[in-house]
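After this come two complexes, each holding subunit A, first together with subunit B and then together with subunit C.
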Partner chain A sequence: MSFSRRSNRLVPGIAWVTYLFLLVPSLIVIPISFGGPGEMTFPPRVWTLDLYRQFFADPAWWGSLIQSLQIAVLVTLVTIILGVPAAYALQRTNLPGGKILGGLAMGPLLVPVVVLALGLYLQLGPIGLVDSTWTVVLAHSMLALPFVMVSVGAALRHLDPSYEQVALIMGAGKTRIFFKVVLPQLRAGIAAGALFAFLISLDEVIVAYFITGTDTQTLPVKMYSALRWEVSPVIAAVSTILTVVSLTFAIGLMWLERKDRHD
Partner chain B sequence: MQPLIKDMIRVTALTRTYGSFKALDAVDLSVAPGEFVTLLGPSGSGKSTLLNLISGMTEPTAGKIEINGKDATNQPTNQRGLGMVFQNYALMPHMTVFENVAFPLRVRKMPKSEIETRVRDVLRLIQLDHVADRKPKQLSGGQQQRISLARCIVYRPSIILMDEPLGALDKKLREDMQLEIKRLHAELGITMIYVTHDQEEALAMSDRIVLMRKGRIEQQGKPEDLYFRPDTLFTADFLGSSNLLKGKINSTARSLDTAYGTFPLPTARSDEPISGEAVLMIRPESMRLVSDKASAPGAGLEATVRDSIVLGSFVRHFLELPGGKRMIVQEPSGASISRPARGSTVRIGWDLDDARLLPTDPDFQNV
Partner chain C sequence: MSDTKPYLDRWTGLALLLPMAALLAVFFVLPLARTIWQSVYEYGFTLRAYEMLLTSTLFWKVLQTTFAISFTATIVALLAGYPVALHLSRLPPSRRMPYLVMVMLPFWTSILVKSFALIVLLGYDGIINNALSFISGQDIHIPMVFNRVGAILGMTNYLLPFMILSILSSLLTQDVNLGRAAEVMGASRFTIFRRITLPLSMPGVLAGVLISFTLSIGMYITPALLGGRQDMMMANLIDFYTRQTLDWPLASAIAVVLLFVSGVLVAMLGKVRGSAGMREMSR
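Right, the complex of A and B next:
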């Protein structure tokens, strides 16, 4: 009895220590980002917005942020347009070889990203497709597609097929059923998939590092290079911006999932 | 003037197998226009399979389906012109009640103004016009099922299929809805095929009951035919309760020799078992307690009273024969009713032709 009461306090204690251990490295950059120019110390000696000013003054920095956001939006669109019908087809039809197709779509999850990146570089380099925004969009789409298909697939599994059956009996065609009956009820699943896709693309560094050049580099690639060559304190401001953007979307994702469960 | 269409639905030798399991085994069935037919049976008897084959949701392994005089065996579901009500209502949760009911009309590309009047009319018919702007989830189960009925009626399909539509409702609501469905059927004259495993529901609602067992039709007919004139032990057992006495037919004396005595047989039917083992079936309400041995056939059947209970308009006696076999006798009750004491001995009698001679059945060994 006394043991279990002690362990009742022990378990949350360990959990909190672990959380802090994981969170502190991410959170410590936030105060640092409000420090003075030319220094990267904790706690900062002066509190200024200089690092943010530097970030927005340098087109190489904010340009890569724009580039990252642009790619993430395109990746989201591409994966939704491809992933939703694909998940629907795999879930609701007896497609010959459907299981294999489903497995293939999940493939990128199983291959180490660095292997994928190297493969893309070696394959696309000789035919001049590296250093192009669309190449990054397609490569990121490949990485994000499994997540979209999983979240849409899960939503589909929870969707009672009798909605589609009753619509069919009432005379509706397949297109109308997909757009008017199925799609509206998958809203939360699609939104969750879209957020996954957006965040995966926004944070991705390895593949982008291999296949982007100076004109197309994304924010994480620019950050990685900055760390290697100059160790600019602006990096703290960039990290904070990226964290805030990611966090905003992640909270949105959790909120949507909760809302879906309550509906 | 007679209508030109003879059958609204006609299925011939319809078969559906899943591997080696015959879900439906060469079934023939015709449904007349405006008829209310109930497919009744235990789960796995093939009633839902038959319904899904008619709707086109399941493809037949063999056989033919005709709807409205046309071969529909290979017709896509959305061209069969049917309506269907599901047990779980299947109302679109993202649409309002109005939009749900309007959906089949939008499919038919009806002009907006006509959709508006038709939907309002049908909602008024089911007395739910005040909830048009709500979402289905905000309504009670009974209301949702009425909306789902309205969604069928609104586009006037020639046939409405119902798959255990009242299964999710409580008893009181179920009885109200039975009346509502019967009223709509009578007012609109739509052919209805109704699937249920609830024998009381089937008896209350149907023009004709089709009783199914192991993928085949066991017996079909009017509710009173199936109830009072079953052809098999399965039918007798599935609909209501019955008293069964198993024995050997003595064809010269026209009697049945059982472990509890010898009983005279009812007037012969053409299809009854002529010789060998057979079962005499008597409904509890066809039996009565008699005072002397001579007043009715079977009056030699002496039993001990285990219990006797008044159920309002009738009284039910639970009796036990020597050897432990249970019998139920149900008599009309009244203010002057006198119940036999528990443990006392009574005699059971019945009218000869209220009994029914049935063949034995390997599934009913313990009769």
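Right, the complex of A and C next:
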């Protein structure tokens, strides 16, 4: 019995080392970002907002934040507008090749991102489509599509098709049924897909690094370039902003998942 | 449900699928085809790029580095992740949530934020070296970043959520009665772990290892920011040939090799897990 008790503490003991290793790198940027501009220490010797002032005083920094937010919003809209009808069609028809198309939509998950980044660069560079906001939006939409298809697909599988049949018998048109019967029931799945799409676009570096130029630089690309030259303290403020946004969205996702389970 | 007539007719279905298919065609299929094409075409069909790869010492060195770092990071993630999965599986479901949040936190944090944090933590004058100096009263500067240790730690941090969730899913499907029966028969906790829990969790371990290794070999940011000059991986070499030497066929040939290796790994994962592995990756 004594052994049993010891091993009871052994597993959580080792587990906590890993928990700390998981937790600390994601959270330590927050206190550091409130330190002085000359040093990166933990805990900070003085608590100031200097690094945030530095961030918002430099248009290259906040400009790329605006650019990233803009792209992420557009990516969310594009993936939802393209993904929801497609997921619905895949569920409610048996088109030949439908399965292949559904599998293809999962493809971006399985291919190393750097390969896609190179392909997009080679494909779009010679015809002058790089360094354009819409190119980044569509490339990010391709990367986010699998996540939207999975979230919406899961919601669709819970959807009872007899509601649609009843509405049809009652004389409603198919467009009307889609908007009045189907969409309201998919709300949680669509919201989860939208959060995924936004976050994936906001954090994406490699594709954006390959296909953006100085005019379209996103925040992660600017951050990556900055990190390659020098580790400047202002990056702590950038990191905190990104982390807070990511965490807010992640909590939103978990809340949606929980709600889904209770409904 | 499947025996009811399809609710949407063929044309409506096609119309709804068309925009997504167009996006995939232009931004996924075409770039992949272009990469493969570019690797064998320069003013006509040629295998020059592949011949160059075969004889390039740099490429073989990078390939070796890629496999060495990916392998080590995967093993470290397995050793650090298994106890966490075990811990999570033994918690009652109602108490699991806060721990799962800790596991998922790095998944939601930007890879750049984590890389920056690890530089600040592990650097020459970093937080850990400073703390060690303070405690010991000596000047301590253990090199932990901008070398292979840094690259591996950064990658392990990235891989852990995938590894843990994969192992956890196979731990949770185990029948608790097996352990109870063994306990009644007088087996010690360690014996139960060694003879029942561990062998039954092997599918999850294997899937976690395959997912981690697949993700590792394509890594770009972590080796570039946390590794040293010697720790260039395949993705970094692709970037090098694309931007520095502008040798697109060579960059494409490396991308094709990377695509092939990860394709083989994904196929193996499919064999191990069916569609479960995919679900893991999409979470």
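The rule we apply is simple: the second predicted complex is superposed on the first by the 245 of 263 C-alpha atoms of A that agree within 3 Å, B and C clash if a C-alpha of one lies under 4 Å from a C-alpha of the other, contacts with A are read in each partner's own complex, and residues count from 1 in each chain.
We adopt the following convention: contacts are C-beta pairs under 8 Å (C-beta built on N, C-alpha and C of every residue); 3 or more make two chains touch, one makes a residue touch a chain.
Note that the structure is predicted; figures quoted are calculated from it, not measured.
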Fit-or-clash call for subunit B and subunit C when the two complexes are aligned on subunit A: fit
Which superposed partner A:138 touches (first subunit B, second subunit C, both, neither): second
Which of subunit B and subunit C A:37 touches, first, second, both or neither: neither
Touched partner set for A:199, first subunit B, second subunit C, both or neither: second
Geometry of the superposed three-chain model: angle at subunit A (Cα centres of subunit B and subunit C, steps of 10 degrees): 100
Partner contacting more residues of subunit A (subunit B vs subunit C): C
Partner chain(s) touched by A:213 [first = subunit B, second = subunit C, both, neither]: neither
Subunit B versus subunit C as contact partner of A:165, first or second or both or neither: both
Subunit B versus subunit C as contact partner of A:173, first or second or both or neither: first
Touching partner for A:184 - first (subunit B), second (subunit C), both, neither: first
Closest Cα approach, subunit C to subunit B, once both complexes are overlaid on chain A (Å): 5
Touching both subunit B and subunit C, residues of subunit A: 165, 168
Footprint of subunit A on subunit B - complex, ascending: 55-57, 77-84, 86, 88, 90, 92-94, 103-104, 107-108, 151, 155, 161
Subunit B partner contacts - residues on subunit A that touch it in the complex: 160, 162-163, 165-173, 176, 180-181, 184-185, 187, 263
Residues of subunit A defined as touching subunit C within the complex: 3-4, 7-8, 11-12, 14-15, 17-19, 21-29, 32, 40-42, 78, 81-83, 85-86, 88-90, 92-95, 98, 101, 104-116, 118-123, 138-139, 141-142, 145-147, 150, 161, 164-165, 168, 174, 199, 202-203, 205-206, 210, 220, 223-224, 227-228, 231, 235-236, 239, 242-243, 246-247, 249-250, 254
Sites on subunit C touched by subunit A in the complex: 1, 4, 6-10, 12-14, 16-17, 19-21, 23-24, 26-35, 38, 80-81, 83-84, 86-88, 90, 99, 101-106, 108-121, 123, 127, 130, 156-157, 160-161, 188-190, 193, 217-218, 220-221, 224-225, 234-235, 238-239, 242, 248, 251-252, 255, 258-259, 262-263, 266, 278-279, 281-282
